[in-house]
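Pasting a structure below so you can have a look.
Order as written gives the chain letters A, B, C and D; numbering starts at 1 within each chain.
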């Protein structure tokens, strides 16, 4: 089993009972797209990076024509009093095999507990057989109380039983392992098209809206919407895999400039 | 290699030379269905749970719309004097790869020995090319004496040589490793249809009957038969994979309510 | 990586600079068939057994209707003065992956050195696209001198360069790793039909002849030939996979009766 | 995870801020062919060899009809004052899986740092959909300064962003991990035909020319060109996989005769 280790950049931040939001690659990359936009929109700061020998053994050439290893990073956003701070788990990949996924998720939860995390939100996609015109966001979780709370404020459906298959990967395992530590966690799953090359921008947009309202993020939704629309157009004109990478890379540009100390 | 660890819930129970019955998922899920019904029918109590990073890295949404990690659990049933107690090994999955299977099986045997286990019964299916109308149960084991004893009281055939291929997974490896520890073990294998989506309810029913007679379990066979028939009808009407999961989940509802201390 | 450990049965035998012959399953099972017949013909005695979590996670039902785990075993044959004793490495499987194969082979070589082994002979098959009428045995090795010596006494060709692909598995890796320890080793490779279900009895017969002459084994070739012909007929009449297993199992019956102390 | 260990042959050499060039098998084997020719042309000496259980578990028969295990080796070339010495990483295989690749690359970098390595050049191929008539060499790296320096002296293009996919394997991961250690590194990638059986001799020729000029290697280019042309003709006449191996083996003959002490 390959192990995942978290390296903080500088000192560990002091956060006010932060909510951890996870958005790693997955079905339609819905969770990743949503979280990358939120990180950019909030100007969140990178506080830690995962180190492992289990990353894909390849580098990609970035927009500066410099090679980069894939990475998984943790960002933080501190708010003024009266609102929970945020921990944001984003990255280029997610652990591929069972053991890697469990060990990674436990490392994430160690961090969450260490930083006083109060609840967890994981993001993901539900694969449909065609492109949904009006993608719905569905809700599940590891605890009746938190599901009810999210439900009453978001009006999302949580009738997933018998409707969806297993939730695979970090978005699912985090919920299960968090339950064992008595950390409440929900998952927001947006409908998307289940094609390996399809980017679920529509689903990501809906998730962003839900989080913006529920967590009062004050995101500049107009600007975000514009960027999302541009990204959708880029992809329509040039639906290459390389294109996807570029567009996503572009989104994340400028995020690494400052640090929480 | 991922390791499997057994965590007791509360104190280890004191049992009277218990018989260990294993019924994990496998061909037609015959063993799992049979054992889940027996656990429910006996009102057996969960005494331990396996912990491992080798479980599938996914959660499923249960009938309460709450996510659950897959699990492997040990139940116990204590009887009045004059009868062996039971240890029942049930779960949603079984270890997938060779090493995982061996290490898991050795951990099961450590527990078995620690709790004074006197013999082992593993349950499984034999895959046929069509649905058997009248599924037979066949018998094998790791020791001539125990095979003879089961044979004389159950009238089952043990002429498996040249008839069946290897017995794959925990149901087989437990027999082999138990032999090394001089623990006698048999395997009850019910004929079933070898289709990946087929649930071997008919075969499970036959195994339950055999065990009920042989071990004098006093199961309410009428009620069980009714439940099995209902399950069969559910599946005929809605043969989805999700359906299977639901039906099995339903069966196991209510099992986790009490503990042996 | 799973490790392979060798457990001696009783005391380690004292042998006169033994030659180690390896014949594990492989192409056409040529090496396995040849060595199983030789072990039976010589009445060699089991001296050790490999233990590992990397064996296939299944048991098979043997001719006594008892389940058995797959095994890899070492046999020894002691001769009167003037002839090298033999160590014979036989089994139901061979290590499947790279690391397992290397670690297993190093464990074999540790034993070989400990028991004063003077040279190594590995057995295998060369896969042809049709059944060879008159299968040839070819020769290679890890050292010019031993190749020459075998060549001059057996008249076998060693012109394998550019003719055969890599020698995969224990038969190959043992040669390579033995070279690092300065142990001379050859490989006898018999032509056989490269079909997964084909048993290379013809090739095995030729290897047995070569070894019988070269190592002066005094095998009762008539009886062996008769057994091999019977086996061939069995297989022609009933070419099932189960059949193969049975026939091979039959061959090996009676081998486990006595031990070197 | 299997580990890779480096064993020095004799004492570690003292080198003048050596440049490490890596050329292991990969797309079109471009990097391997180029580096094998350079090692032969320079008369570089073997100084170390990798040891691992993760090599392919097979041996091949070499041109002397002796079996050989696959290997990965480090060669060194010492020059007169005024020029950087060279470390050359060549071999028959490269680590196959993610973890193996990372651990191997870190071991290479440990050696590089220990021997005072000043910069790293990795070699590879870019797979095209047809055979390129005039294969171009492209340039990337882990640092703007070194890319600029190579660009100004070689006139190679570094506009890889959006043009090539990820650089997979040691050639890529070395760049990424070297960045973390503040070692500057570039990759020279030659266009080649992306067919699994195609040997990218044309691309290798271009890489050799670039390195010969840039690093002032004083290779006898005429003789090398002749050898490359011969190799190309051999392959045209006899495009077997075995042939490839032979031709490459031939190239490397005579390299192992002397050692740096």
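By definition in this document, contacts are C-beta pairs under 8 Å (C-beta built on N, C-alpha and C of every residue); 3 or more make two chains touch, one makes a residue touch a chain.
Remember, it's a predicted structure, so these values are computed and weren't measured experimentally.
Participant: Please give the intersection of the contact partners of subunit A with those of subunit D.
Facilitator: Expected: no chain.
Participant: For the sequence-identical pair subunit B and subunit C, determine the rotation angle of the Cα superposition and round it to the nearest 5 degrees.
Facilitator: To bring subunit B onto subunit C, one rotates by 90 degrees.
Participant: Find the chain most remote from subunit C, comparing centres computed as mean CA coordinates.
Facilitator: A
Participant: Counting shared numbers against all numbers at the contact of subunit C and subunit D, is it over half, same, or under half, different?
Facilitator: Different, since most residue numbers here occur in only one copy.
Participant: Any idea how many Å lie between the Cα centroids of subunit A and subunit B?
Facilitator: The computed centroid separation for subunit A versus subunit B comes out at 39 Å.
Participant: From the mean C-alpha coordinate of subunit B to that of subunit D, what's the distance rounded to whole Å?
Facilitator: A distance of 55 Å separates the two centres.
Participant: Drawing the touching chains as a network, do you get a line, a ring, a star, a complete graph or other?
Facilitator: Shape of the chain contacts: a ring, since each chain touches exactly two and the loop closes.
Participant: Chain pairs that touch, all of them, please.
Facilitator: A-B, A-D, B-C, C-D
Participant: Where on subunit D does subunit A make contact in their complex?
Facilitator: 1, 95, 97-99, 101-103, 140-144, 147, 158-169, 172-173, 175-177, 179, 187
Participant: Could you please specify the touching residues of subunit A with respect to subunit D in the complex?
Facilitator: These residues of subunit A touch subunit D: 2, 53-69, 241-243, 246.
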